[in-house]
Amino acid sequence: MTWENSAITITTLLPLAGAIVIVLVPKDRDRLVRGLGIVITGAALVLAAAIAMGFDYGAGGLQYVLDTTWIDAIGARYHVGIDGLSMPLYLLTYLLTFLCAIYTWRYVPSPGRTKAFVALMLLLETGMAGSFIAFDLILFFVFWELVLVPMYFLIAIWGSANREYASIKFFLFTLFGSIFMLLGFLAMYFTSDVDGAHTFDMLKLQGFAQGGGFSHTFQLIAFGAIALGLAVKVPMWPVHTWLPDAHTEAPTVGSVLLAGVMLKMGTYGFLRIAIPLLPEAARVYAPWIGLLAAIAIVYAALACLAQKDLKRLIAFSSVGHMGFVMLGIATMTEIGFQAAVFGMVAHGVITGMLFFCVGSIYDRYHTREIATIGGGMSQSMPKMAGIFSFVAIASLGLPGLAGFWGEVMSLLSAFNPNAALGLDVGTYRVFMVMGGIGTVLTAGYFLWMLQRVNMGTLPERWKGSGFPDILAVEWVSWAPLLVLTLVLGLYPRLVFGMTNEAVRSLTGLFGG
Amino acid sequence: MGSVDYHAILPVLILAGTVMVVLVADSFLPRRAAWAGMPLAMLGVVAALVATLTLIGEERSTFGGHYVVDAFTLVFQVLFLGVAVVVLAVSLRYFREGGFYQGEYYFLLLTAFLGCVLMPASRDLLMLFISLELVSAPGFLMAAFRKGDIKGNEGGLKFFIIGVLSTAVMLYGMSIIIGLTGATRLDEVATGLAGLSGAQRTFADASILFVVVGFAFKVSAVPFHFWAPDTYEGAPVPVAAFLGVASKAAGFAGLLQLMFVAFIGEHEYWVPLFAVLSVLTMTLGNLVALQQKQVVRLLAYSGIAQAGYMLLPFALVSADAGVNAAAFSAAVAYIVIYAVMNLGAFAVTTAVARRHPRLLVSDFAGLARAAPVLGVGMIACMVSLAGVPPTGGFWGKLLIFQAAIERGDLGTWLASIMVINSVISIGYYFSILRVIPQETADTEPMDVSWLVTVVVALAIVGLGVIFILPNAVAHLGDVAVLGTGA
Amino acid sequence: MTSQEYAFVVTAVLGALAAVGTVTARNVVHAALYLVVALASVGVTFLLLGAEFVGWVQILIYVGAIVILFLFGLMLTKAPIGRDSLDGKNRVVGAVVAVLVFAGLVGLVQAAFPFDGAPALPAAGGSLDIGTAMFTDYVLPFEAVSFVLLAALIGAIVLARKDEGDPR
Amino acid sequence: MIRLPLVLTFSALLFSAGIYGVLARRNAVMILMAIELMLNAVNVNLVAFSAQLQDVTGQMFALFVIAIAAAEVGIGLALVILLFRNRASINVDEVSLLKW
Amino acid sequence: MVGLLGFVAAEGGETAEQAAVAANWFAEHVWLIPLLPFASGVLTLFLGKRTPGKGTVYGILAVFASFVLSLGVLWSFAHGGADVEQTADWFTIGGLHLELGVLVDGLTAAMLVVVTSVSLMVQIYSLGYMHGDIRYTWFYVVLSLFTGAMLVVVVSSNVLQLLVGWEIMGVCSYLLIGHWFEEQPNSNAAIKAFLTTRIGDVPMMFGFFALIAATGFTTTNIGETTRAIAEGGVSTAFVAGAALLLFGGAIGKSAQFPLHVWLPDAMAGPTPVSALIHAATMVAAGIYLVGRLFEVFVVADPVVLQIVAIVAAITMLGAALLAIVQDDIKRVLAYSTLSQLAYMVAGLGMGEAGYTAGFFHLFTHAFFKALLFLGAGSVIHAVHSNNMSDMGGLKRSMPVTFWTMLIGSLALAGIFPLAGFWSKDELLVVAQETGTTWLLVMFLLTAGLTAFYTTRMVLRTFFGTYEGAAHPHESPRSMTAPLVLLASATVGVGFLGAPQLGAVFGDWVHFGEHHEAEFNAVLALAGTAVALVGIAIGLAVYRTRRATDPMEKTLGPLWGVLQHRYYIDDFYMATVVRPVRDRVSAGVYWTNQHLLDGAVNGAAALARVSARIVMWFDRTLIDGAVNGAANITGETGGLLKYLQSGNVQWYAIGLVAGVIVLTAFFIRL
């Protein structure tokens, strides 16, 4: 065991170990548990950062690889590694969870139960991080599903009024999707023949696919199944309906991690599995994915306009933003893929931050109804209002802030999709125009939201309620995201630099 | 006919001895101390378990091949003895406080487990039959152990009537098979059957079905399942645990031997039969379970559905020995995993029964607060039973699934049906799961026997081990497959 | 047709009638008596087949012991008399099912062992072998069965006995 | 001597009669009796085959079946008596508290 | 510092060599110009409230420094400096290489001066005007950010960098229009402005994409992309499309028909903001964009430029007419701005020849329009009302304001020798030279109208009797000083383009070969004459102050049309809204509540109503399918459970029947 081959295993499993430690802490040591949460996630973040430091960004391919036997009965191996595509998302996972742990320092949402809360959060972290490093389909699937149960409980226990419905809907929807995904995996496994054996190894399958191992029809079917599973998680229109409920009902930390990281698992899956392993099918499906993505953008923006609930609005906006990511992916171009990864990171940072804001607003007002809040937040909490506006504006894609590059590059890539798709550019230009309309509508609902929340005068009912403006804990947990929003906007190379090599080899699969 | 291999039957001897000791001791114990039967029984079971463990790696045969010790036997014997430990542990308080006849109960329970332990080692029709009866007869009695409760009587009687009826049908089948083949040893039966043709073969096939009925009753396969929900509900909860886990696993231990050894040559005939049984069982079990409000009843239907999954590998048998081995090992692995998660669920239910005797689903609300270990344990078991990845239940299903896909055509269809069923099953497992973390007015901590807590914790650990090292369980099946030579 | 076969046919017809009587009689005691006849005819069949040991066991245990047990059971439960009190509502269904079973079984038997040209059975015999086998090859099942009986005995006592006071 | 099909037919009749009894009788003791008929049918088969095959196995089996049958009767009657004590009736069609 | 010394030295008339060194220094440090205001914005944000003067000092100093540097850059061009392009790697995405860069040519230099000087004036002016405002520091923060963003647009050497500045500018505009967001109309106006311009920005962005695509997705550099377009390789339709898309951005930002509706509403912002953003600088960015990418327009099908000219003509005349009927002094100026912006667009619409003229008008207009707005602000500050009906007779109480505004007004009317005269005259000359007579007529017509409404404004504000409630007084120094400075600029800058003086502006800003502007006495006279006629009519009509506007009677039904802004806003509402309204009866009330103001709100309402439909779709169909499946399985279970009847004999029948059926089915006979 060297650092090289064990680093990501240690980093990924550290939160899991931490969760076990936390379970063993006495129940009444509330502060200790929260402190431990911060320390563990912090340590994991440091390790992740160390991995990032040691990563050779110039080289393509996997690094920190560990490939060893695991469940030979079903042919699954423990194959982990990290490349430019995983790196930004891997780091994002640790950063967001760490910040969530800090945010939790102040209080754990009703009904308390700090231990369980922190432990589930850590379990979630392992699941999320693991899905970004797994290079074996079953291993990937395990991590993918590992996320499900903790998130279910985060929503079901610490959620708001309608939590039961939301949590079950979330669970069933995603499980439904992942069953299809698993079927797709198994189909690939049984069809594959590498050195006379079936395999779940992504890289081997990729080679097998390149060698023409999967027939055209097979690819179409397998891609359909896998894409369905991934699409639910993304979520793509029209299988997104779990998301507004889940996001809305989840506790703040849950929403942040859900929006910030979990949705990316779906889009990442497209880049990591669906497209490289089934490139022919990807080519066929691409325009349809693009269409759904374009619909999602417009649809979500319209839906946002109809929202009366602040958190629900943000939730719907995620659908639209992920639409841009999917549009980028659907172009199958280098720019599109890069845009997608950037979009994922940016969405994680910005929407995560938006959920933090909404959570804190809710803490003070104890309502999420925009009409009840009634405006005037700039008067009661000028700093909060300022931060909220900043993040909202970042989210609507203002150039110079993180949200911009993912959107604009995704639209740019749609201008001319990969020639290998053999499509008339017109199709994608229509998507591009829909995306453009979406950006206008997006600006519309965000500004309208700001008008109704921040602007105007403080309604009578809130006068004298003495809301505290942003608290120290909030500053600490938010500052990194705010800085990142700005830095990514001004210096997008931070992400593009990481992903360049990996994306190049990905696009290489299409000869485009 | 050599001398008896005492090492081989040592576990059985110890268990039988314990049965007698418990019985005798009970007559000398004052009523206040009647609970002492439990530690005695526990001691014997643990000793038997140790004796079994010393046999690991051995291949022995005694009593003229009626009793065989091999990997298959050992896997199941260890499983049964482990289950016995758990059932005993959860029984203590339930029976002590319920005013039951404790000594007799432990006596009957151990007798039933004696039958369980004999089942996998039995390699002829007669021993299988007697082992089955040894499991059933005490079962009938224990099911009615809540003497004052009409429901208990009713459950016991129904269990008995259906049990005896199916036994009669099975015996009829066995008599014909013996007559046609002139053999009772399973391997000889297989050879005998291979020599049949024409109408005699047809009669033999029909008889195979009759024989299957006896075991299908035991594993509660549709349409031989009707007793199960009523009996589980009427029986004391630990007895339901026994019926739901040990008795069912014993049924499968017998069925596996019959189908994979004795009747393997006739698979073309019975594979579609098992396909139908499996599909019917899982589908009906799941759909009806969705309607249940009473937890034990729900677990009964859940057990029916799970039996459907376990029956599926039987429908995968073909001429391809590789596929058969995969199916066999999948079935064994699933049974083991099923035992762990279902026992956990029953253990929790037993503890909850103390405060909420009616055991409605809603009675589990707030369990996570009132008894955290139980709450977590129940959640883990439910999630696992539902087959949510990557829990034990998932791995078990995946093994079956893989075998099914490997088999192709019919297997693919069955696999799809199983997937759909798994999805449906989430509905009712979650109906329990979701109430557990709820906040209730009644937040007073639940008084739980430390034995139950330990058992539930063990179940959690067990599920955790399966979760982290699924390989280990997956290989249990491989180990067992060697023993049958299938 | 040998004389033994004639004897068997008579026994069988008698036994069959008694069996039908057992399941259709309106009086519980009659039913029990029919059962005695049916079981006795089975015992006689065993004897005719040359299985003496089993035949005598049948007659002694069943006719002697089990039927008495039934009668006790009937008395203890004060079983009423009359068609409605003995038969359920699914007589017709039961009859249809039973006829189907009978037809099916006879069909299978006839197909597998055609009546024409079926050889006469030799005497079963072997009562001595039974004794030896019981305590050699069959010692394990024998012991196991004894546990079944023991369990049945103990359990039956526990369930059937009238508790005073506490135990439920 | 006796031809096998005849014996088997007798057995089939006993078995069918037993099935009818189990399905049609409402009195629990009557059901028990019917079951005894079924088990006896099995024994008839076993002994007949034992004769045909000239092998004691069938007879051995029959002896075990008799023993088990005795045990079952004991258990059955115990259950019936228990039921009677609690309900003052042993009609099985009235016993349907547990359903659905 | 070396450069600065060199600058001083060069001014002192030292050697040409030193001057060249100094000139290069300025050109090479252009990047500092946008950076300084950004830095000051950040400083003000974090330290402003703790600094004396509440942070205003950072902004003013930074803009002053930028202004000096800009002058230096312009000066370097005046001394024959060459175009400078500096770039630094930014990032690479796929094959697309992006650079951060500055591109300095004459156009940039001129724009830099305009932006920094007006910004400086406005910042100083705001010291007084915004004094005591609740978000005083914040105002300066945004003002600084705006200036920085505008400067980024001006110096950008690549389209995406330009887009960054462009959008930040938009957001600053939004923030400033909504500065007093406690009042809902203000925030409405802010949103309207942002969204309307964004509707233009999206096509513009697509236009950029087209440019990038023309290079094969390799670069975003303005020079290289336009070269790629010009050198062919892409179809003419593609070029025309790209040009039109780009023009979309200009239509939005420069408030041309049909996206002009936001600008009048934008007057809801503080007056200094109107002066800086909605008169002098940001609205000119659209024109600047067209100029920056003019290569695309030139090589494109001529029809593109014709479209540009037609749009300009419509806006020019239409807005001028609207200005006549306004009572709000800022709205008068706003429509005037629309109209004047259209002049510039029209100049560009005449092709290469009009390039210099168009930008010269932009240059002069920036100064006198800023002056007029600041003057109007001074008046508003005094009378606490925007309406001219609340003013009158302020000549005496506010002399400085009056005189400076008078200069500005005359410049706007195009009276010799003020700035407006020269630039308008140049446009007339180009129109005549290029033979676009119809445009010439439009120019003259608009000029007459301009003179008329300007006269109306001055008369109604400063002459007659005061009718307001407050006690008017002259504004403080901080406000009058910028007025005076701008007034002197208004007097001076026109001569930069005077043909008689060599028209140095043309040396700086030209497209292709420098187009030497001729002086055409006939046209000059015609222009002046038209203006004078306008003034005369104005004087005649408004010499005596009346309760109702005399034009109301004169114009008859036209008055109503103009009051309703040609019903354009209403038209948007009706065409977009009615289809929905007819179907959704509940929508009627709702629409009335929310859609009274303008097209953007109308569009938003349409969006909101369709959003409801979308929500319904979401809830009913998609969720419905999921729930439906769940119900079906549940119901099946509900029926199946009755199999478990509780009667054990039924169980037995089930068992035996099962055996029979299974045997019958599977037995091999």
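The letters A, B, C, D and E name the chains in turn, as written, and every chain counts its residues from 1.
Heads up, the rule we're going with is that a contact is a pair of C-beta atoms (placed from the backbone, for glycine too) under 8 Å apart; a residue touches a chain by one contact, two chains touch by 3 or more.
All values derive from a computational prediction rather than experimental measurement.
Shared contact partners of chain C and chain D, listed by label: B, E. Any chain bridging chain B and chain C, meaning touching each of them, is among D, E; the list is complete. Number of steps on the shortest path from chain A to chain B, with steps defined by chain touch: 1. Of all chains, the one whose CA centroid is most distant from that of chain C is E.
For chain D, the chain with the farthest CA centroid is E.
Inter-chain contacts peak for the pair C-D, counting C-beta pairs in contact.
Closest to the protein's overall CA centre, chain by chain, comes A. Centre-to-centre spacing of chain B and chain D amounts to 26 Å, using the average Cα coordinate of each chain.
Note: centroid distance chain D to chain E, computed from Cα atoms, is 98 Å.
Rounded to whole angstrom, the centroid-to-centroid distance between chain A and chain E, based on C-alpha atoms, equals 37 Å. With each centre defined as the average position of its C-alpha atoms, the distance from chain C to chain E rounds to 104 Å. Shared interface positions of chain B, i.e. residues touching 2 or more other chains, are given as 126, 130, 133, 137, 140-141, 144, 147-149, 157-158, 161, 165, 169, 202, 206, 229-230, 291.
Shared interface positions of chain E, i.e. residues touching 2 or more other chains, are given as 641, 644, 646, 648-650, 652-653, 656-657, 663. Contacts with at least two other chains are made by residues 88, 90, 93-94, 97, 101, 104, 109, 113, 138, 141, 145, 148, 151-152, 155-156, 159 of chain C.
Of all possible chain pairs, the ones that touch are A-B, A-E, B-C, B-D, B-E, C-D, C-E, D-E. Across the complex, chain E meets chain A through its residues 90-96, 160, 163-168, 171, 174, 178, 181-182, 184, 187-188, 190-191, 194-195, 198-199, 202-203, 205-206, 209-210, 212-213, 217, 604, 607-608, 610-612, 614-615, 618, 622-623, 626. By the touch criterion given at the top, residues 1-10, 12-30, 32-34, 36-37, 40, 43-44, 47-48, 50-52, 54, 56, 58-60, 62-64, 66-75, 77-82, 84-85, 90-93 of chain D touch chain C in their complex.
Those residues of chain E whose C-beta lies close enough to touch chain C in the complex are 649-650, 653, 656-657, 660, 663-664. Taken together, the chain B residues at the contact with chain D in this complex read 125-126, 129-130, 133, 137, 140-141, 144, 147-151, 153-158, 160-161, 164-165, 167-169, 171-172, 174-176, 178-179, 182-184, 229-230, 233-234, 291. Considering their complex, residues 329, 368-369, 379, 383, 388-390, 394-395, 398-399, 401-402, 405-406, 419, 422-423, 426, 430, 434, 437, 439, 470-471, 474-475, 477-478 of chain B touch chain A.
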